[in-house]
Amino acid sequence: MSGNAKKRVGILGATGTVGQRVIHLLRNHPYFEVTALAASDRSEGKRFVDACNWKLPFEMPDAVKEIKVQAIKPPLECDVVISSLPSDIALEVEGAFAAAGYPVISNSSSYRMHTDVPLVIPEINPDHLDMIPVQQKKRGFQKGYIVTNPNCTTIGLAMVLAPLQKAFGLEAVMMTSMQAISGAGYPGVPSMDIIDNVMPYIGGEEEKVEEEPQKILGKFSRTKFTPAPFLVSAQCNRVPVQDGHLESVRVKLKKKATVEKVIAVLAAFRGLPQELQLPTAPARPLIVRAEKDRPQPRLDRDAEGGMATVVGRIAKDTIFDFKFTLISHNTVRGAAGAAVLNAELLVAKGYL
Amino acid sequence: MSGNAKKRVGILGATGTVGQRVIHLLRNHPYFEVTALAASDRSEGKRFVDACNWKLPFEMPDAVKEIKVQAIKPPLECDVVISSLPSDIALEVEGAFAAAGYPVISNSSSYRMHTDVPLVIPEINPDHLDMIPVQQKKRGFQKGYIVTNPNCTTIGLAMVLAPLQKAFGLEAVMMTSMQAISGAGYPGVPSMDIIDNVMPYIGGEEEKVEEEPQKILGKFSRTKFTPAPFLVSAQCNRVPVQDGHLESVRVKLKKKATVEKVIAVLAAFRGLPQELQLPTAPARPLIVRAEKDRPQPRLDRDAEGGMATVVGRIAKDTIFDFKFTLISHNTVRGAAGAAVLNAELLVAKGYL
Amino acid sequence: MSGNAKKRVGILGATGTVGQRVIHLLRNHPYFEVTALAASDRSEGKRFVDACNWKLPFEMPDAVKEIKVQAIKPPLECDVVISSLPSDIALEVEGAFAAAGYPVISNSSSYRMHTDVPLVIPEINPDHLDMIPVQQKKRGFQKGYIVTNPNCTTIGLAMVLAPLQKAFGLEAVMMTSMQAISGAGYPGVPSMDIIDNVMPYIGGEEEKVEEEPQKILGKFSRTKFTPAPFLVSAQCNRVPVQDGHLESVRVKLKKKATVEKVIAVLAAFRGLPQELQLPTAPARPLIVRAEKDRPQPRLDRDAEGGMATVVGRIAKDTIFDFKFTLISHNTVRGAAGAAVLNAELLVAKGYL
Amino acid sequence: MSGNAKKRVGILGATGTVGQRVIHLLRNHPYFEVTALAASDRSEGKRFVDACNWKLPFEMPDAVKEIKVQAIKPPLECDVVISSLPSDIALEVEGAFAAAGYPVISNSSSYRMHTDVPLVIPEINPDHLDMIPVQQKKRGFQKGYIVTNPNCTTIGLAMVLAPLQKAFGLEAVMMTSMQAISGAGYPGVPSMDIIDNVMPYIGGEEEKVEEEPQKILGKFSRTKFTPAPFLVSAQCNRVPVQDGHLESVRVKLKKKATVEKVIAVLAAFRGLPQELQLPTAPARPLIVRAEKDRPQPRLDRDAEGGMATVVGRIAKDTIFDFKFTLISHNTVRGAAGAAVLNAELLVAKGYL
């Protein structure tokens, strides 16, 4: 980053589960410092330390404790906002911030599938950021813009699909998830629904996973995203696990492959964040494990600080070509870390 | 059942998780009474109440408390044995009992795929029992024989596949399971492996689920089973749930169908056990639930005393034809109840 | 019960966790039938089957499905109301029902410690019901009155203390609880607070347990309750268990005793409900278990249909006289069953 | 530490849950390097990476992967051994190592209460190490000796009792624990015993907690330990939590105190490890939290890298003087970290 001053970050939805993770990830960040915190009416005007029911197993950073929580509307004292808002309010609020000149890096679902909004995983489709000028022109934004990251369940899946698509081509993907409770925020999932139980339903989740990967793995040319033409089927379940979305996946490829080749292709995967050595980039975005009983949420979700996707149990499938199991930390790589890595990439590419 | 006297039942593996369930299911049974209990060396010679680490949330029936546990070998004082042994010892032991003249109703995996051994779910393929005389002749058994029930994960799946196959034909089935810990017996799954965690591996499970359904839904003619020609792909996971295997399933059918027709076909499913009103038969072998968040292990595993399979979330799939979620109680319908229902059917058909 | 007609019961807070249990317990009751259901504004006017998020692992009884949910205020079409309301609204509402002529059997905390309101466990202090006429006179109630049952954590404790007090006298009681999540209702405890965790705080709970036992085990004479003069110290924790409050207890007695005598006194405990054979009365209100690792929530909470208190690990204490562990099903014996048993006792004593 | 070379450490019970934690804590240690790993017969001769079922959510350090696992007997290539063995074999094995000239720093229970063996928490009784020469003389050890750390449940308790004893004197302590499953090692607690359950029994645990604190907080003079004369009562329960023992405690003090004074005394507590800035010493050995719902295992067990004891809910008790809740990470502060901190103290005091 050129210049000495850190970029000032405002966090929308700062008291939420993802907002807390963003604060934690930015606590000693070389590019960014948190200067503004916005949250719902209930919190407005309180010191953050009083407004936030902090639920991470780390201490709240001292630097944010005394910040006054503001309403979720412009202006905020910051150069960029990272947003993690419920989709019902994100549409209006994030649009308002972009219109008011703020780059908006959003973890919300509202804008992900808009035709002029980049849906970016830095290792996979960093070129999609070049939609920003098109978006600004189309929407009449001066300096502001909106960049999104995918749903937490999509991200881990897309990380594994990307190298497979490149090496072998993708025809179809069947994914069944076992998702952590932190994905629903706080208070989120009632304990009576999940102790000694599995919930076979997560509102809106299957729809998101069935359309986001194709946009991410699709092409961008000048003014248009063209989704990749493979099919995704998703069945999403909630399990009694704090963090980490586990996914059982089968893939049908276009070209022939072997288990050995699949492992080699996945293990070799690197992207632009690794090349640029972005601060939050995992050294190994994909970790392939050979043990028959890995990955597991408890043992693998925190690999590379929660930014790696861990994949294992790669084998021939009886119907499709291959089956495997992957895990991705849903609030780090799948949300807060995704947004922060996007922010770092925006800095690297000169958009911030 | 003709005659007043109850059939005397010996239980092989009586101290195990499934053995305990069998004892519970037979506690006031109209056809059967437990007269012999056999278990591993460690238990031999002890009173059952002393030998057995009883782990069911019901009291141990008084009738079995004082029974002396015997070695797992013939002779036993009984007319039939229900076996639930580890597969490594079941092959020899169950063969020895059959050779010694005992009908063996087995929950073990050793003989399931043998070409002359019926693998039976009474609602689906009761005619397969007519392999018994063929088996006896081939193996030189006089009065004894071996009848098996499927793996706990197969059973719930096959219950739903059977009416679909009959109505629409089956091409392919993708199943991802979230299985209860009781399926691994006691001590079974170490708690460090499953609290706040999912285990993506269950030894031998995927292989069983990928071959058993085709035998069950296949044809029997005179001396031969011909497996049904559809494909099954299985990914099996263990979750922190005491009882009840939940399965996310997609199916590809031969004929066109609609969600409404699928629901109608499943809800109408009845079999011979319902017709004969066998004591352990559930009134409704399949229960279709319309709520978006059902079935769930905690709320649905005990439907019809744990003998019903509950299915829900039936919807069009983006790749195959339909997707749905089912649950089946793994130690009742999936093991102990499966064996007891087979025993009842054997009585009804005159084999016992 | 004299007469053929069943008493008509109205349930206040019918859609809640305890309300659902009351409905389940009354599904085929010889004395009572549910005729009216009242719940918060949100549910008003809906059919119960539509209004209630049914969370019990049993089917909702057909008889209540079509009942229209009414506002929580008189009049209701019933002879008696069973109330399980949040304490903040119970004070006004229950008073209004009693004033309007309804006997109110309350599981709420609002009136428990009022000097003219019986706080009753039928096995322990059925004579306290004779405060009813005093209460009616004092409050100007014609036919109505209020009878309460204790807090869910108090009940199991009091069940064990009662025979100890009678046999040996009580000086002091130290109780540390590990309470089930169902005690907080639905949605209740957020899963992020309890998966892989213990919550060392339950609002208001310690205060209740520290004052209710003395009233229950105290004397009633003509117009006045005199609390028993022993001290109680409570520390209350929430653990990841669906049902069943486990309590680690030490007691200091007035007279000398031995472990054997304590066991004998507890095992012999019977009360008026057992003598009268009230429909919901457990045959054995206290079950003493000798195993070193019992009682446990999963194995013992459902003893006698959840109406028994199970106690074990009775041993000499190094500081007080004895220590032991007990469990009581918090929503059956500790709430819904407590109210229903009180209702049955009121019928038996002619108050209903 | 004077000199450049690191002390070479051998780990007895290296493949166990505590052994793994010791390896993790020593991975980049300024004083120590792991050079020898010993474990049971089953592991002997294998590379550690093959022998050990690594269950920590961190990667196994590369430095130990290729070490050959040896039998648990002298000689080992090391200057000191850290032992975490089952008590049944620790007695003989640790004695043999000490006799063979090795300083033995033991987490096992066998020697803790021996009259010539220091039972040390560095913040509390570092002077007890001066029993070492007495022990060597008495037992005829040349260079070897045995130093122990307390049981995992004792440690957190003693950390809080120490400043209370010093400031106010102690008369009696009632402790009820809710202990994590990792305390039982691997495979340890069967999952069927702990999912949706609490186990009210941990073999030998209550006895240890009832006698160890008095030795630790007792006096050492020349050749003798005199236990502190307060009483401890313990009730120990196992809960479905991966790590962190939570304890509900009441204390009776000799002098009058107030909640404010208790908080002040606890918050101010520091010991020799803090003064010496030993590498593994937590900056704050006791952390007092003011929130009404803290400490919790998930949020507080990892405070100061798992080396701090966190205490909260400090209040007047109705029977004793004060009640509070504490948590201590059972495999870090309560075992591996306790041994490592003892090792560091031994270096600082010149015994190593």
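Order of writing sets the chain letters: A, B, C and D. Residues in each chain are counted from 1.
We adopt the following convention: a contact is a pair of C-beta atoms (placed from the backbone, for glycine too) under 8 Å apart; a residue touches a chain by one contact, two chains touch by 3 or more.
Remember, it's a predicted structure, so these values are computed and weren't measured experimentally.
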Considering A-B alongside A-D, which chain pair is linked by more C-beta pairs in contact? A-B
Which chain has its C-alpha centroid farthest away from the centroid of chain B? D
Just give me the whole-number Å value for how far the CA centre of chain A lies from that of chain D. 40
Averaging over Cα atoms per chain, report the distance between chain A and chain C in Å. 47
Averaging over Cα atoms per chain, report the distance between chain A and chain B in Å. 42
Could you pull out the residues of chain B that touch at least 2 other chains? 55, 193, 195-196, 240-242, 298-299
Name the graph shape formed by the protein chains and their touching pairs; answer line, ring, star, complete or other. complete
Which of the residues in chain B end up touching chain A in this complex? 172, 174, 176, 178, 193, 196-201, 210, 231-233, 235, 237, 239-242, 246, 248, 250, 292-299, 312-313, 317-320, 323, 325
Report the residues of chain B in contact with chain D in the complex, numbered from low to high. 17, 55, 181-182, 186-196, 240-242
In their complex, what parts of chain D are in touch with chain A? 55-57, 195-196, 242, 298-302
